[in-house]
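Worksheet for the structure shown next.
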Amino acid sequence: MAGKKVIITGVPGVGKTSVINETIEKLANENILYLNISFGSFMFDVAKASNLVQNRDEMRSLSKDQQKALQREASQQIAKIEGNVIIDTHASVKTPAGFLPGLPEWVLRDLMPDIVVLVEADDDQILRRRFSDESRLRDIEGARSIRDHQQFNRAVAASYAMLTGCTVLYVENADFLLTHSVEALAAVLR
Amino acid sequence: MAGKKVIITGVPGVGKTSVINETIEKLANENILYLNISFGSFMFDVAKASNLVQNRDEMRSLSKDQQKALQREASQQIAKIEGNVIIDTHASVKTPAGFLPGLPEWVLRDLMPDIVVLVEADDDQILRRRFSDESRLRDIEGARSIRDHQQFNRAVAASYAMLTGCTVLYVENADFLLTHSVEALAAVLR
Amino acid sequence: MAGKKVIITGVPGVGKTSVINETIEKLANENILYLNISFGSFMFDVAKASNLVQNRDEMRSLSKDQQKALQREASQQIAKIEGNVIIDTHASVKTPAGFLPGLPEWVLRDLMPDIVVLVEADDDQILRRRFSDESRLRDIEGARSIRDHQQFNRAVAASYAMLTGCTVLYVENADFLLTHSVEALAAVLR
């Protein structure tokens, strides 16, 4: 029987990577195995294997149709994986032209996820985490803009559910309470 | 000519059943007839007729594909009904794995509703109604969780509208104002 | 190469027309040309050319299927236009039966926009603009109702993005700051 396909999303600074890594480790200790796939990296590997690009920067210069073809190819390959998979991606990406959906129809129809998880946090906490994270260069956004992004993610995730029948799970990742977020996610992934 | 197909939804405790029953009675007094179908019960009848299950508890143990097939069969049968129909169901169901859409694509394409109604109420009022309703065993949720559920329902209903072209109507069912909710709904169903 | 297809929406009173006209003028001064199409007027022209109607009032008496066919025909003709196009329409229309999506699936699949813009403003400012605009007869709505409409538009726009892969851009059109709104939109349309 096929495993669970769980898409995990969250705005920059929400702590998605920590939640994913600790949840996978926790479940591994219980002999529940999840493969962790970054959708973006997976797409890059597909593009590289097809000689479309040689480094990640070149990904941005691909045409819309090329990107769409890559998204589909990546989705189809991931869909074939047996066993449990976590797909680390974005519900939407904030671009200068507005919110870009991370899982448009042509991705969803191939992936057919069981669950889309939104890792969320208080807008203000996310703002402070971004300021204190000096390792990454991130655009400066206000708390209102972060709230808009998180709300857009909820709305677009609802449409993902309509198309695929997946559930949409909110996981709150509050300051000092990472273990709580991990337990909440692990409970569903067990 | 085919009648109106109206889907009526609302979170537990919002008073959906009262709104539906009183609206149907009110309209019946004006010789406007609506058939009242519970989508869940209808699915169960289809499952029973196919010898898939013998009681409602067994519905939960059906596979995802079986449930999907039942949803489609039920939708197709309901779509064939002539005259006005109210379909009593959920915009989404709150499950341990997150919000599950009540009307995924394969249901919508067959049902093609004219209107999706969200019966809504203040989160706090719903909370108090749930506490005082001793006849049903319901999970205890906070007001914030109820708000999230009602907001998810609005978002997912918007995607139902995109796919089918139906309208989305909010009907507020405030404490002591049931007659008002019924009149608001009846005005649209006349 | 095909130009940009930009759908611009906003609730009545938000100042959409001013934003569109000034943005087109600003860009024209930079030799960046956008054709400005009102989706409703375009549909009417299609209907008139097909001898379906003779004046705009008759548009409302068309059957649902006729309206759908007109929407599709209009979308297909607009999709064929080369060069940049602004399509002036509604994310949703508030009707007595609830919010009606302006861009249902059959429109989106033909139009395949690059960007859906939501021109937004504070609910209260919109309310005051409506009261002071004596040139148009508009239904009187409260600020809460305007907020619901703007929120529905965000939700339904998210589902448009899921289906087409377009981005969704919020442009705030605050009192006294039209030049700011125009600059924000022009920056994306350049």
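For reference, chains read A, B and C in written order, and residue numbers begin at 1 within each chain.
Everything that follows uses one rule, which is that a residue touches a chain if its C-beta (ideal position, glycine included) is under 8 Å from a C-beta of that chain, and two chains touch if they have at least 3 such contacts.
This one's a predicted model, so the numbers in the text were calculated from it and none came from an experiment.
J.: On C-alpha atoms alone, could you tell me the rotation angle mapping chain B onto chain C? Nearest 5 degrees is fine.
T.: It is a rotation of 120 degrees, to the nearest 5.
J.: Looking at where chain A touches chain C, is over half of the residue numbers used by both copies, so same, or under half, so different?
T.: Counting which numbers both chains contribute, under half are shared, so the two copies meet through different residues.
J.: Find the geometric centre of each of chain A and chain C from their Cα atoms only, then give the gap between the two centres in Å, rounded to an integer.
T.: Once rounded, the distance between the two centres reads 31 Å.
J.: Where in chain C do residues touch two or more of the other chains?
T.: Answer for chain C, listing residues that touch two or more other chains: 155, 158-159, 162-163.
J.: For a test of understanding, state which residues of chain C touch chain A in their complex under the given definition.
T.: 114-117, 154-155, 158-159, 161-165, 167-170, 187-188
J.: Across the complex, what residues on chain A touch chain C?
T.: 68, 92, 95-101, 103-106, 108, 148, 151-152, 155-156, 158-160, 162-163
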